[in-house]
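Dropping the structures in below, format is structure tokens.
In the two complexes below, chain A is the common chain; its partner is chain B in one and chain C in the other.
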Partner chain A sequence: MADDARSGARGGHDPGSPSPEETARRLEAAGVRTTPAATEAELARLDRALDDQVFRSMSAISLRFVLVVLFLGGVVTLGAFAFGWQIYRGIGVTGLNRPVFWGFYITSFVFWIGISHSGTLVSAILRVLKVEWRRPLTRAAEAMTVFALMIGGLFPIIHLGRNWRFYWMIPIPNDRGLWPNFRSALMWDLLAILTYITASSLFLYFPLVPDLAAARDRSRGIRHKVYAVLSLGWRGTQQQWHRLHLGMRIFTVIVIPIAVSVHSIVSWDFGMTLVEGWRSTIFAPYFVIGAIYSGVAALISVLIVLRKATHLEDYLTVRHIDRMGKVLLAVAVIWFYFFWSGYLTDWYGGNAVARALQDLHTVGAMAPLFWAMIVVNMAVPFLFLWWRRVRTNMAAMLAISLLVNVGMWIERFLIVVTSPMRNSLSFDWGGYRPGWPEIAIVSATFAAFALLYVIFSKLLPLISTWEVKEGWRIDRWQREGVVELETDVPTLSEPGGAR
Partner chain B sequence: MSDPTFVTARVAGERGVADALQGLRQAGLSRESIEILSNVPLPEPVLGGPMKSTKLPVWTGAGLLIGLGLGVFFSIGTLFLYPVLVGGQPIRFAPPNLVIVYELTMFGIIVSTVSGFISETRLRPAARPYWRDVSLGAVYVVVEVPPDLVEARVRRALEEHGAEVVEAEEVLP
Partner chain C sequence: MLVVDLNLCTGCQACVAACFAENNIGVAGEDQVAMGRGRHWIKVERYWRSTEYPDVRAVYLPLPCQQCGNAPCEPVCPVFASVHSKDGLNSQVYNRCIGTRYCAQNCPYKVRVFNYFAPRFDPPLEQQLNPDVTVRSVGIMEKCTFCVQRIRRAREEAKVEGRELVDGEIVPACAQTCPPGAIVFGDGEDPRSQVARLARSERGFRLFESLNTKPPVVYLKKGDTKNG
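== the complex of A and B ==
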């Protein structure tokens, strides 16, 4: 049918309009397939190939997998030992001091909450917009949010001098003569993170149920029993599918404002104080966009590693990375806009403490970190991500996305740690040098993040197989008129399309 | 109450579903007594109309109200239950309360939506037929035969419309 359309267009082609080949190329680039719809047999073959690839990668345990688990587990164990040492010796083993009361731990807390931002948010926004290419990558994105939140949520507890009194934050009946201070942004943090981790975990679990049922049907023994419980007796009835779709629609709409609120609240930990460098009315949107920036970069890194490690290149394609690269570039521009707005306003205000802080960043002891951040967060994306050749080069994209995250960690460090170094009492200015337990614990959290992904890849399907299969069918159903077209771009076979 | 009687059949893809549904409708069966099992959701036109509505939005609405109530209790109620006196006067405030109310309302919505989903998916009155190859792509029709209809008539309706009547491989609770 599409060929007919093309040949028909050749006959009466208007010299002033694009050629049919050009139109076909544009439609392909816009995600509209101009090839004939897949037949039922072809779809069945594609389904089998997808299932084989995804479910086989769950069961195969290679030597490389074991070595990776041992290495990552070793780093995590070292971090656990450091934490034990900190409990035994007290918080004095860290580099925290007066006036720098917040160090590596709170920096990493903000960083990991930022990383958590994009997974669920990217997935939810792509779902709301019904972007078809989202289907293979939503699972990896949603998992990223859950893992990052699990890690980020630990840091405030690790940071506490007396970690075992953490439960004092929980509003339980007032038998200790204490009640949480709901005016405190730290209390909002607790609630926001609790809400977000619940929402993100369930947002991951919801569309996982049909895949858990598929895993149940392919497994035996203890695995079968666990999958059977988790899949909630899923049989694939149309009523169940209907309920799942409805539930996902509700969730998708709800999870977006939750995600935005979480990083806004994290920013208010700083913005609600009177500390120069923290007190800012644009901190909430600046933190949100920074979180999306680091999250998108982390998602690109995760996708590139996963597609290679689990041989899912046919589903997590170069095209996905290319598109995520464009998203990263767009977010980089917005992030820079907010950064520059804050920087210029502080500079123009001429406040002595603010200027001292800017001097510390640009020409003082923190200058190497500041300029490194500028280079990797601004110069690198701006210089390289415009080019398709770069965005489709996996090694280059992995390097850029990792660099952006290094830059974002530095940005968090500069905000959290260096702002208290300069205040209105110049005799109270200070510095910060992290203790070895801080370095070990922060390193361990990066290893834990990777370890969680590695374990996840062996326990649960990394790709939402039913969503990918549904996507393949939607294309055909649209062509056959079974369901309405969800795109405004005309297909070649439509009147008024390429003809 | 006696266990329901099922007639189950394997059909060939979406076309097979549409044919089987047409045959069952002609035999006098209502849509509520028929289940279609597949590893991807099928569009409503294939299924001959919209699906039965679910109570999920009711669960969501209830969660919203409960979350809102909890938020108001924790943020505003506790100000009155446990007043912090400063200079003999209790501290009362409004803007920070909105943050707490907002987060707990959202929390209520998500927990209740999932509770509704689990409740409607998991808590069914009886075990239902199932085949493991559903997750490999096979499509099955499950008919709960009403008491006033003869089982053989349902079988005939299915077979005449291209479906292969088969026994259930297992039942899922």
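== the complex of A and C ==
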């Protein structure tokens, strides 16, 4: 049956073109699912299995789920309490001082904006390149961006001395005729993040609409009503599909420069200043690649945990992790190149403050952090990710991806917090030790990130079911010679065939 | 313009005490100062030239806000709390400040002071608060104003009396208190003023001139028989 479907449309095996077995092998290597998708009946069965798996996990609530929610919710509550305490007593409950005016909060801000980077960006790049294996993981990736931005965007507000006046940064007309200062990099930051969260939320929402409609058709009561509103009257007509595809095609291209600009602007909060260790021309691309690095690692962690927790191993496969591992290795090398370029230039320049800062990092009080960063951000990925056996080992990949993010958090800490510790007037050198509210709030944001995923998994499909189904059909038509993929997979077209 | 003669400064910290009294600066307390949260609007920074006994020599650098003509703190504030006044001061608008602390990060002189806690004036300290100066709240940035309240008062008095300001009429608290008279304040635009004459000295320099911050604070270099 399967063989019929594969070879039938091409009218038998042509000695000039690869044999069906060869084609199958190369398709496998190119990442196209080869085993399923043979007949309409089989496709229907696959669809049902996918729907059952995805939509059932949305309704079933286990004891484990309740315990996880309670635990994460507890940590978030502690963080909220710490924030309340900080407002009540004053920002002095942190470890901030003069000269270290920015601490854990801004470090975490940069970290979470970095995490947010890769979800939308990875999804958009894979979509633009029409990479077929993207289909099951785009939803989880796009959600990661939105969650990380929701969290990261809070930190500049938590960080303020007078948090209750944060809205003075928002350009709204007011009775005092005051307007924010658009020369300040913080204002660029505000606008960039608002733009990014708007764009990435829409980027998550557009492909959700058909799945929301599917959820609507499977639910009753209040859930049905909510899904009905959210699915915007989706009926699956030809015109609706056309608009969705057109919209996504345009939006995918737009969202890539937005993503790149956001972390560039975050880097300019530092790069535009006079602070030694911050003032740099390399910061924009360096921060962008750092953001992609931590984001890809976070995506790997998220995918490994999700596939295990929601039993989606058939869709979020080991091969996905394997490929993301290769991406991670490539990005690791680029990141180290940028890091080293900046470091070497500072060292060769011989500026006294820059040297003092490098001494603080390499042999001073920050040496354990610095060398830990070098090990987990460079040595570990570079030594292990070359091997397929490591990349296909889920425990190892979870460990490596988490370590990379620990390292990237340290990297941001070293840039944001330790740079002001050294300046031209050695009388004003200083140190920093975080206060308990800072630790509590930062921990709470990690719990909040996990909690958002946990809640998401019960409210919305974690896998874009219609895109996976679409992929199966494209796969089948392609093998029947009905369509040619526009990707650069030369084995799929016959020699001299239409490209 | 402010001129500080490093030859005359003895590092006695009287200027610091005077500044606290004049400007209603809250005392942070010992543990907070140890954390680096002292609210000193003017710092007397001590740098050792030699610690070898008996030839122990230190340089004291009194460091108020440099009131830069081209101030790094001003463009970075997102809410215009750090602005330039018409007479050339870097004003900090306390009511406008939301506490991003970006200005302090970008200040090369590290002279900006943040209120990590609300200032406390334990009795009877509240009795000596200066009615001409606001008491600042928690969570905002503050800094040396060159005693702007004294500048305004002198100018208004001169105006009422229908005359020009006289050189030496405006005296900030630090200059008023300095026992050896190392700190002198005056109109730098007037070439005959005392500060203008002092600033023309061969010993005159400004801190971090390479940064192009254009501070109106001129230091007179410390000179002694051994180090020129």
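Here is the rule we go by: the second predicted complex is superposed on the first by the 449 of 499 C-alpha atoms of A that agree within 3 Å, B and C clash if a C-alpha of one lies under 4 Å from a C-alpha of the other, contacts with A are read in each partner's own complex, and residues count from 1 in each chain.
Basically, a contact is a pair of C-beta atoms (placed from the backbone, for glycine too) under 8 Å apart; a residue touches a chain by one contact, two chains touch by 3 or more.
Here the structure is a predicted model, which is why all the values come from computation and not from measurement.
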| item | value |
| --- | --- |
| Contacts of A:F427 with chain B and chain C, given as first, second, both or neither | second |
| First (chain B), second (chain C), both or neither touched by A:R388 | neither |
| Which superposed partner A:W168 touches (first chain B, second chain C, both, neither) | second |
| First (chain B), second (chain C), both or neither touched by A:F206 | first |
| Touching partner for A:K130 - first (chain B), second (chain C), both, neither | neither |
| First, second, both or neither for A:R183, with chain B first and chain C second | both |
| Partner chain(s) touched by A:G90 [first = chain B, second = chain C, both, neither] | second |
| Contacts of A:K225 with chain B and chain C, given as first, second, both or neither | neither |
| Chain A residues touched by each partner, larger count belonging to chain B or chain C | B |
| Chain B and chain C footprints on chain A, overlapping residues | 179, 183, 187 |
| In the complex, chain A residues that touch chain B | 40, 44, 47-48, 51, 171, 174, 179, 182-183, 187-188, 191-192, 194-195, 198-199, 202, 205-206, 209-210, 213-214, 216-218, 232-247, 250-251, 254-255, 257-258, 261, 265, 466, 469-470, 473, 477, 482-483 |
| Chain C - residues contacting chain A, complex | 32, 35-38, 43, 45-47, 61, 63, 72, 75-80, 96-102, 104-106, 108-110, 112-118, 137-141, 208, 211 |
| Of chain A, residues touching chain C in the complex | 89-92, 94-102, 156, 159-163, 165-166, 168-169, 178-181, 183-187, 190, 269, 272-275, 420, 423-428, 430-431 |
| Of all residues in chain B, those that touch chain A in their complex | 13-14, 35-43, 45-47, 51-52, 54, 56-57, 60, 74-75, 78-79, 82, 84, 91, 93, 96-97, 99-100, 102-104, 106-107, 109-111, 113-114, 116-118, 120-122, 124, 128, 130, 132-137, 142, 172-173 |
